[in-house]
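In the two complexes below, chain A is the common chain; its partner is chain B in one and chain C in the other.
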Partner chain A sequence: MSMDATRHAGLPVDHGDAEAEMDASRDLFGFWVFLMSDAVIFALLFATYGVMLPATAGGPTPASEYKIGPTFLETLVLLTSSLTFGMATVALKHAAQRRALLAWMAVTLALGLLFLGLELHDFADMAAHGAVPARSGFLSAFFGLVPLHGLHVLAGCLWILVMMAQLLIFGPDPRVRINIQRLGLFWHFLDIIWIAIFSTVYLPGLIR
Partner chain B sequence: MSAPDAAKRRAIRTYLIGYGAALLLTGAAFAAVHWPVVGPRASFALILALALVQIIVQFRCFLHIRLNRTSRDDLQLILFSALIVALMVGGTLVILFNLRGRMM
Partner chain C sequence: MSAPVWPALLGRFSWDALPFVRAWAHPDANEIIGAGAGGMVVAGALFAVALLTYLGRWRWLWREWITSLDHKKIGIMYVVLAFIMLARALIEANLMRLQQASAINAPGFVAPEHFAELFSTHGSIMIFFMAMPFLTGLMNYLVPLQIGSRDVAFPLVNAIGLWLTAAGAALMMASLVIGRFSTGGWSGYPPYTELAFSPGTGPDYWIWAVTLGSVASTLAGLNIAVTLYKMRCPGMKLMRMPLFCWTSLCTAILMVFAMPPLTVATALLALDRYLGFHFFTNTLGGNMMNYANLFWMFGHPEVYIVILPAFGIYSEVVSTFSGKELYGYISLVIATMAIAVLSFTVWLHHFFTMGQSADINAIFGIATMTIGVPTGVKIYNWIWTMFRGEVRFTTPMLYALAFMMTFVLGGLTGIILAFPPLDYLVHNTLFLVAHFHNMLIPGTLYGLVAAYTFWFPKAFGFRLNEFWGRVAVACWVIGFYLAFMPLYVLGAAGMTRRTQAVHEAAYRPWLYIAEVGAVILFCGLAALIVQLWVSIRDRDANRVPVGDPWDGRTLEWSIAAPPPEYNFAHIPHVERLDAFYHDKRSHAPYAAPPHYSAIEMPRNSRTAPVLGLAGAATGFALVWYMWWLAAVGAVAMVVTVIARSFVRDTERTITAEEIERTERAWLAEVARARPIPREIENSTANQGLAKVHA
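Moving on to the complex of A and B:
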């Protein structure tokens, strides 16, 4: 990171020192509040899903609609994207050049888009069997919960694009840096939500 | 020059450990469903336990939430949110399952 970019207001220059870390953690705390309120929304949708699970109205059931292969693939893609964003964070904090940071963000973006593509393919498959949100309470709850996570991933992808553009235009100045850190928290948080989704939605539906 | 390099290596190692652990726990959960060895109830409990461990691992390795240092405020916020979530989800499930039981 070039030093002149970080000289004006905002975060102090040295990433290593304690004061800088205190400032960064204060700037990130507000974003944690947002993430946790988002977690509450997801938690209530999980509760709704749990309650609606038996309400299949004679239509498609979890066992008939979920497939373990594509779900596993989606999970691997999202987990790997979390690692690549971690590498972007390392590049942001420790590497000297911008290229590594942009490259890792681009890889993360590609994995995010791949995840969305796989998920959309799954939904299209379900819709082809008549498993649409209006079919039963179970499917309404499913399509309330899982695509909301997908929308978050889409928002995260757009955010990565915006941050890459800002990085190219403004360089790694303090505001860009803190926003990339917030984006990192958001991205890792989506990974955690997905763990909850495959562990409480997909896998229990597939237990024989 | 060597001190920042060591910090960078340590950061990368943390992410790689987190990724490895996440892959292992995810693989175990999917394997428990694909090749069932225990009953459905035990499988379900196993999946939930693996998910809980994985969430803790991800908070530790990817989100850098620790029990010491500066992340204390974040940790308190997360624990408080976890309490709220547990109360709301647990309460919803208890009330509505009880209601369904009585309606049957």
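Moving on to the complex of A and C:
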């Protein structure tokens, strides 16, 4: 079957074993469908944020709360983590490089945790100004959207830990390979969502 | 009495939360009904436990059903759950009708709060815990069989969906025994369901039950869609799929995209109620219209999630019992897709009266009416399928015919409602209630029951009793017309929906007729129970082990009834639409293959029931503010998922010898059976081997 050879060109799927190939194709496609469903959730929260932007109820506004420096730093950290995960995927392709794979995943994990730390610091800062979700509709919408992304990153970090443990226990068996690729899709997806948050929440808020 | 008991442990539980305690304190009809309902739940649960213990069936239940990952068993469990919930919601419907008929210038016997709980649970159950599990169960059972697959794409995800749905249903049942349910209707509109106006447990029960059901449906949709894309047997091109698969595919895609808005709506409402957010509140910038948009972005597609599978079922039924290929297959596929797409463009018609501009109302009104076009195409196709066919008026076929006539009627009233100025006139009246029951009873319930009757012999190996099936049809159809036609009249006369007492004596005769109709609808359910009882009693005379009792057309009829765990000993190859039907006519479909080989099937797993249990515990704990239990449940869920990801031994092998033994026994049955012409398919002579008509 010549089509199968090109179906996952460049992806570290089990080429050659037709059944494993079929399983991988099904599992990855299923995860894409899940991501589409998850994307709908984010899309609706973005829309809600857009609608509630003026509902500040006399409280803090985007201009008074958002800061370009820390958010830009967060963006850099998260984008870099996508790059390092990409390196991990490349390492996965070559069976001999388990140590490189683990190292790149560890770097990604560290960057993910750094991102979460920076974000939490931001939220604490906002809370210190009295910008808490219960203050206004605008802040509710902000805290409905942005921390949900953070929660996803947290889940991603947990997942990286689990996959590193499974790599050490099982080595790169087919299930580990498929799950690392799903994790990769998830991680890059979070990057895309963050870019949307940065460019539709923070940037317009700062331009005021 | 109403002081919290051990708040650190039991949260906001007080003795007053128990309906038995309330009935003891105030023994009036209202509280006694509440206590009776709670008592029925407790008695039912105790009876089930006692029966299982007496019969020594716990291990069997755990091994064969609860931990099973077999898509057929999961499908059957979904349908059983749906029937249990149908019984409860139908009893509630009868209680409401009885109350209204007895409360004309009188208080009646159900208090207003209690009445509001009744319509809220009735709607929530019928949609989330009757229609959804029923159709998910059917899709689970049928889709892999119809596309020549051994399994669904993700068996474990499938089981998790089932047990999360069961967890949501358990919360609905718990609300009868502990605390009170929401009084905010099935749509749970804030700000009424906000903490400020409904501080009790009601909206919280609603939120967590619906959220569990919604997440479960998203998973089910994902699984069915991927199954249909990736698991079809060789030659089963998309345009060779049975129409039920097509409607399942569109339903599944709708689930993947339409359930998230519901999850978002309930989650944001929970944030408002638990953490003081202001998404939908009256104060500090909250806006209820956010909720209306989110909810109906789910709510309208939901209408088609529950109706499209029935369209698929009727297509199979009409074609089979007319002995003809489906007329206009391609146009039916296109119409299905068109309906699925259009269903996302009309949600705003659920709030025409909430103050947007006339232009917006006009656009959404026109979009709404457009859906009538593909639906009309479908009706014509079914009629042309019957035309000059050899039509047999079996039970499923009678449902199909009743559906076509009744559904068209409902469609016409839908056009009335789609016209914004007319919608203003009948807004929030019983006219609307009549309309959506007019769509959902023939469009969903008839379809689901028709499917149950049609495929029951496939699932259990014996036919259902035809006489009691017809009695059930008569009850469902007559009951529907008596129960809901009066509501059109009452609605047009201005009687509002969700009203507990009536102050217009002229409504009396119509309310009485509606009450009689509700009782007859209940008799429909009773007839189904009798039918099941009689059929099980006479099962030996009605067995159809060969598996093709109705001269079926699609692949599921080509295997034994009930099917073996692996479905197909050899994965079929398909050359055209209705492959099995044509196989029967061109060559011998029951020939033994040259050899058998071993098959890998998923091993049973405890993961899904554990997740369901933890989900129910978490939801219950959140309702009652038992924070420690909520934390334990949530952590248990995460740990369970992670632990499962470390399990490697997930498959078991069915040996070639075992398969050969099973298949040989079946082929012997085939050789022994007498081919049955269609005219006597309902006689005991039918062993599931259809006589091939040229």
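Going forward, the second predicted complex is superposed on the first by the 183 of 208 C-alpha atoms of A that agree within 3 Å, B and C clash if a C-alpha of one lies under 4 Å from a C-alpha of the other, contacts with A are read in each partner's own complex, and residues count from 1 in each chain.
In this text, contacts are C-beta pairs under 8 Å (C-beta built on N, C-alpha and C of every residue); 3 or more make two chains touch, one makes a residue touch a chain.
Not measured: the values here are computed from a predicted model.
> Does chain B (first) or chain C (second) touch A:61, or do both, or does neither?
Once the two structures are laid over each other on A, A:61 reaches no partner at all.
> If you tally the residues of chain A touched by each partner, is the higher count for chain B or for chain C?
Here the partner covering more residues of chain A is B.
> Scan A:83 for contacts with chain B and chain C and give back first, second, both or neither.
first
> Touch test for A:25: chain B only (first), chain C only (second), both, or neither?
both
> Between chain B (first) and chain C (second), which, if any, makes contact with A:40: first, second, both or neither?
Both chain B and chain C are touched by A:40.
> Quick check on the superposed pair: does A:207 touch chain B, chain C, both, or neither? Answer first, second, both or neither.
first
> Counting only touches as set out at the top, which of chain B and chain C does A:51 meet: first, second, both, neither?
In the superposition, A:51 touches chain B and chain C alike.
> Can you list the residues of chain A that meet both chain B and chain C?
Shared contact residues on chain A (touching chain B in one complex, chain C in the other): 22, 25, 29, 33, 36-37, 40, 44, 48, 51.
> Spell out the residues on chain B that touch chain A in their complex, using ranges where they run on.
Chain B reaches chain A through residues 4, 7-8, 11-12, 15-16, 18-19, 22-23, 26, 29-30, 33-34, 36, 40, 43-44, 47-48, 50-51, 54-55, 58-59, 62-63, 70-71, 73-74, 77-78, 80-81, 84-85, 88-89, 92-93, 96-97, 100.
> For chain C, which residues are in contact with chain A within the complex?
Listed in rising order, the residues of chain C that touch chain A are 153-154, 218, 222-223, 225-226, 229-231, 256-257, 259-261, 263-264, 268, 271-272, 275-279, 283-287, 290, 294, 297, 638, 642, 645-646, 648.
> Would you pull the chain A residues touching chain B in the complex into a rising list?
16, 21-22, 25, 28-29, 32-33, 36-37, 39-40, 43-44, 46-48, 50-51, 54, 68, 71-72, 75-76, 79-80, 82-83, 86-87, 89-90, 93-95, 185, 188-189, 191-192, 195-196, 198-200, 203-204, 206-208
> Flag every residue of chain A that touches chain C in the complex, lowest number first.
Residues of chain A touching chain C: 22, 25-26, 29-30, 33-34, 36-38, 40-41, 44-45, 48, 51-52, 55-57, 59, 133-141, 143-144, 158, 162, 166, 169-170, 173, 175, 179.
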